[in-house]
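Quick heads-up: structures coming right below.
Note that subunit A is present in both complexes that follow, paired respectively with subunit B and with subunit C.
So, the complex of A and B:
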């Protein structure tokens, strides 16, 4: 969960989350959930109205009218083996099935939630003991435990209800405990405790309201299940006993006539199906509406290339001799319903062969989005390139067919990303990942690929490269992982390398090593390097020129030395001041704070 | 790895012990009228007392449990009063048939579920996704025993393609091909719910993985979209689907109870339904214990497979 949040915010830059809708509006927005709700309401009305509807007595037998087909006169759905009207039995049977299913849901919810609340709130040994018990219940195959309970209690509808409820208690207990555990030590609970409230009253007034959505979701997702299971036990002859009838026992009795009068068994099945599917539709809708993670649409699948919808003409390449030209780039995020949140506004950059250009700015300034836009790597949805052009020499990237753009990735333009633990595949060896980078653009045999990968690992100074190639990312140190990232980027001798905060996740000494390596490789190969960072110390170390970004725009560019000596934009001055000097010690923070205050005055003036 | 498996096997012991206690308590705590059930019309107080003494039902509960578990550990699950046959022999006979049915269904469910989930994720919000999502929803909302009846009506009665019930043909059956023919309908029915659940989870696992940083890295390397999805994303998603398959094994084993009844498959589920209505407690006890133990064992296998697939847990 946190991974999704962080990756989307890293790519999202300054995008604000889309407007939140109320849970009910969302529920109604989903056509399927609305259909489920309407269907369910209709079914409930039908079942409630059963006593006043002009239906024949469901238990009135009529031997002369046995097994009439549906649409017979006076019997819309036909009759069963004893000549009883199926429609009437269906409505009355559904009342029993739904009542038992919902009662079981309620019982399971109350007991399970109580266990979960107490267990999560108490913690420690009590929690451990209760959860062990719950685990034990869950070690049974689901229906088997219900069978064992019915076996002990004896067949009957009430016993089936208890059995189903008990079997479902663990689901509630586990879900509720998880949430309670997280809440038990939050400030507002501590505050209530300090104010002298008793445990019971804290649980009921502070914890329960926050846990309620989880209980509702679990109820709505298990209710359909429980109706099915009740019907199942009755079908086996272990639930409702004649003359009492629910949908499951009707189906079970109808089974004997399956070959001669199939409708007697099929009709109750259809009814169960309709009830359960409407419940499930509603349950899924409720879960989506109440689960904030799904609410912002975080789980839409990103396409291979950022969506491009340029408005206005494609700008000319103003510096055709540059290795990479970014011209008036506009990238942002669509927030649904035609709304658009800009992240990069009219950015132009030019990067020459053998040059290192630093792109600097605070987080959310749009520097990563700019860098990712170059090869169409901004995740979309929601990413969207609305305007501008990107030139690799003479070719314009954003007008290329998708396959050509993908062919440029890694071959002409290579990336190094920030956190090498999350950016390397966790279940592939690093050797394999480097081999893949080579194989994507060079048709080599397996042995050659392997040799090439090991050579690359040596170039980035990974000791004992042959053995290391067999290791997985989590077995390497952060610095070594980043070296693997660099090896992959070097795999096809790219003209342009884009390093997106490659040292931010590393500690200082390792940072210096990686920077040295990058600088050395860049000089050797005369590569163009676009270096993204928020740290002017790093810029001074490695970059020939700097572009400063703020709120999606470039506010200042220049040669590194001149810009450091005479920053023109106040924002640049502020960033420079944020680099601590050796020996500055405790004066650093007050100095930066004063600068910020002056900054604020200048901006407001 | 061996050490890990040994550790996991060892950790199973208390779980199995707990299972046996629950099974025993469920059967014993309720004042069962086993004696009355056996004796029927002959249930005079003296006869009931004698039966209780013979079966050890007059001893304290703890002692009853210790005797029972001691016997179970020696392979003696007692004697079925209705079948007049050792429980263990009956249970092992039946369990083989259930394993064939449930195993086939689980393999089917995993294959269909994974495939449907992946297609659904790749074609998110497209027609294939909508159709799969609807079928999955219908599948998990349908009583499986009802679907079984429908399939019998269609394939056995209407089209006469497949046998409607049993595990082998009455005359001249018994070969693997014959069993396979009998297996198709029940296995397909039984796999439906699990396939639906696995499809749902594979879909969301794929979608979650496709948002991760290492997928962006794969794209930045210039890998084709096919390699990105069916290589990198699928490999990472499968790791989180395996435990779900382990859990589904329990639902398939439980669901077998209905399907065996509908298709008259001679498995342990059908046996237990019969044993419950005749109150053959020892047979139910033995059946529940064996199925639950095999489920625990299967989950261990699922965990080991997951460990093999995910190097982060391995070390």
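So, the complex of A and C:
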């Protein structure tokens, strides 16, 4: 149903445009970036309009009018030591500086990106050779390198442009190479190769569009810097040559009058500041708008506990004897501007000591969000608990002060996650990580901690635990890592263990071992186990009771054996019917085909 | 030609690493494949099962030309794979195609489905614009998707829809041998069943041969004619599906069957 329904809605969805925020709208969302953009547009308009503005000749000297203060008659910003109008020189000079800075950015971007693309895509020896060349460029202090280049080519604006471009090539080459390297081994690049595309075509049409945002971001963040460098070289007399005006050379000329007529230096200085700050503000905004990870708020630091904004009264605990009661839980995600996307809708669960409750559902059914809500672990923003209650015995978790809730994590309720490679710290030994888990709740000495950690590793049946404790996560197999994850969860004798797809990433033989271990530990310690999975086979293996979730709601709960044998809800029935069973063999597909055909008839009827 | 198996593999080996480094030491070598021999017959579905690290994905990547074999012989549709490779990626792509495990990762996020599917039509089949448009519509029909999908981006599709698109791309090349690398393991069960049905129908209608790589024994039993069990780079057992599931011979196969989770415990 879901697939057929969604594909038909996709057919009808041609009329409904998918809600995508344009990059421009996102950019305007940030006030600073918008301010930068507006400032920059105004400056650009001013510079472009220079030829038609009623400005005096910027190079016309008038010794009689030298060093006039700002706001003098006929000279709004005053004059310099040769009596030239500062406003006119400022506008014309900014034009030159910005043009040279942007041209240098463009040249550096094209050459640097090309080097980065080829180097990252080709890999191996070509990569090594190119990157060592780039390293050599980077090894010189940039201003020294620029000076050397200008010294070799002779002073002048064009040569300053080359120098700045060359000095900045490494930034682009390194950034682009890093991204390309990651992309070159992605499956869609392999797929393009199998579609008959050659290397050049793959680079230009598959890799480049995915690298382009990085190039734009690097450009926008380095452009201001390059304008500054242009000014720097001109300040040293290596860029623009007199009488041509340019912000750097104006600053250089003003230096001599810094004490008698400070405005000669301050005016171009302020201009440089305004241009660079507006470019940088815009660049930051552009980066945020173009990077999809930043767009989803991944870099905004989540709070220690999910945001709670309960509407309505706190529900009573309907089964006070249960170890964990979830009552009418409402969790969702705020999508900005007051919009709210529900993920869990009024879910109630009761988990008793010594019991294993399975929570099963397809992807997006809200089972993981339910599990994370129990200890307020849904990342906020954007997570938000809007209603319901969670009882640990008699205490209500969501009403607890933050420090108490955090103290419950690991001590009363422990979690095991799907992929222990991502939850274990890669640069600490596993022994140390288990020790930390113990130390979080038990003030013990180092020797005691170590003994306790090794005992825990033994309990989860890691062979040769003492030696293994010195190993790093990557030295262990997936099954062993999951055992370490379980050891850490057991560290403080929790009453409740929540396992979120703990065996999904494992091979079947290893999965069977881990399930055995969990079952045995649970029985020994009379723990309550909430087991989240999408696999009915696993549920049948380990769970006493099972709850089926669909679209954020529990549609059916029951004893595992009864529910699997006689599912009552049509959704459960359908899910179970779609699971191939060993022994069913070639009969499976005809059976599913009949089921789908019947559903299609029911939908059309 | 018609007597030739779709794929014939003899003593195929592949070792990763083991090169000499700058200062003399050899890097750690991993034998991904050790002397694998297999035949994929015309019109059959041969499943390759094994756990992670058994070498099944390496085998698949060699068969479609994404990796070069270390040693041994591979014939695809009666032609030597080394010779095919020398003819260039286009000759390879016309003979054998690949369906990736993660459908979303195998579609370029910045291209529409129409653009992605056009590439093999243009480059491998050499069709002109009008012919391409017709073929695109036919392909959408073949995988049960509305034509409007052509103008969508991969992230706007669900996992099952994306996998249908990946299958459509493999079909677009008009190769009649498909190597499917865990094509349904990233999908929810109900979607998985639908994709399996689709694969079975396409095979019948287009007379395809499948090399179906999977770790899920129940799925394999439902769709495969024969099964090859791989363990540490070797084929330890190769049998008709029914025979293998009824009377596994190799202890490793027995172990695999015993540890597979089942709904109804005996």
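One rule holds for everything that comes next: the second predicted complex is superposed on the first by the 402 of 605 C-alpha atoms of A that agree within 3 Å, B and C clash if a C-alpha of one lies under 4 Å from a C-alpha of the other, contacts with A are read in each partner's own complex, and residues count from 1 in each chain.
Note that contacts are C-beta pairs under 8 Å (C-beta built on N, C-alpha and C of every residue); 3 or more make two chains touch, one makes a residue touch a chain.
Predicted model, so just to flag it, every value in this text is computed and none were measured.
K.L.:
Please indicate which partner A:417 is in contact with in the superposed arrangement: first for subunit B, second for subunit C, both, or neither.
P.N.:
Only subunit B is touched by A:417; subunit C is not.
K.L.:
Between subunit B and subunit C, whom does A:462 touch in the aligned arrangement: first, second, both, or neither?
P.N.:
The answer is neither, since A:462 touches no partner chain.
K.L.:
Looking at the overlay, what does A:428 touch: subunit B (first), subunit C (second), both, or neither?
P.N.:
first
K.L.:
Regarding the shared-chain residue A:546, is it in contact with subunit B (first), subunit C (second), both, or neither?
P.N.:
Neither partner.
K.L.:
Of the two partners subunit B and subunit C, which one touches more residues belonging to subunit A?
P.N.:
B
K.L.:
Contact-wise, after the overlay, does A:190 reach subunit B, subunit C, both or neither (first, second, both, neither)?
P.N.:
A:190 contacts subunit C only, not subunit B.
K.L.:
Considering only touches as defined above, state whether A:564 meets subunit B (first), subunit C (second), both or neither.
P.N.:
second
K.L.:
If you stack the two complexes on chain A, which partner ends up touching A:578: first (subunit B), second (subunit C), both, or neither?
P.N.:
The answer is second: A:578 touches subunit C but not subunit B.
K.L.:
A:472 contacts which: subunit B (first), subunit C (second), both, neither?
P.N.:
Only subunit B is touched by A:472; subunit C is not.
K.L.:
Tell me which partner A:362 touches in the superposition: subunit B (first), subunit C (second), both or neither.
P.N.:
In the superposed model, A:362 contacts subunit C only, not subunit B.
K.L.:
Show me the subunit A residues, by the header's touch rule, that subunit B contacts in one structure and subunit C contacts in the other.
P.N.:
Residues 3-4, 7-8, which sit in both footprints.
K.L.:
Which residues of subunit C touch subunit A once you look at their complex with the stated criterion?
P.N.:
Its residues touching subunit A are 51-52, 64-66, 89-90, 92-93, 97-98, 100, 102, 105-111, 119-120, 123-124, 144-146, 148-149, 151-152, 156-161, 166, 169, 172-173, 188-194, 196-197, 200, 215-219, 221-223, 241-242, 245, 255-265.
K.L.:
What does subunit A use to touch subunit C in their complex?
P.N.:
1-4, 6-8, 10-11, 13-14, 18, 186-188, 190-198, 206, 209-210, 362-363, 478, 507-512, 515, 534-538, 540-541, 564-565, 574-576, 578-586, 588-589, 592-593, 596
K.L.:
Name, in rising order, each residue of subunit B that touches subunit A in their complex.
P.N.:
Residues of subunit B touching subunit A: 15, 18-19, 22-23, 26-27, 29-30, 32, 121-122, 124-125, 137-138, 140-146, 149-150, 152-153, 157, 204, 206-208, 210-225, 227-228, 232, 235-236, 239, 249-251, 253-255, 257-258, 261-262, 272-273, 275-277, 279, 281, 284, 288, 291-292, 295-296, 309-312, 315.
K.L.:
In their complex, what parts of subunit A are in touch with subunit B?
P.N.:
Checking each residue of subunit A against subunit B gives 3-4, 7-8, 132, 135-137, 139-145, 147-155, 224, 228, 231-232, 235-238, 248, 251, 255, 258-259, 262, 265-266, 269, 272-273, 276-277, 279-281, 284, 298-302, 304, 375, 377, 379, 406-411, 414-415, 417, 419, 422-428, 436-437, 440-441, 472, 474-475, 485, 488, 491-492.
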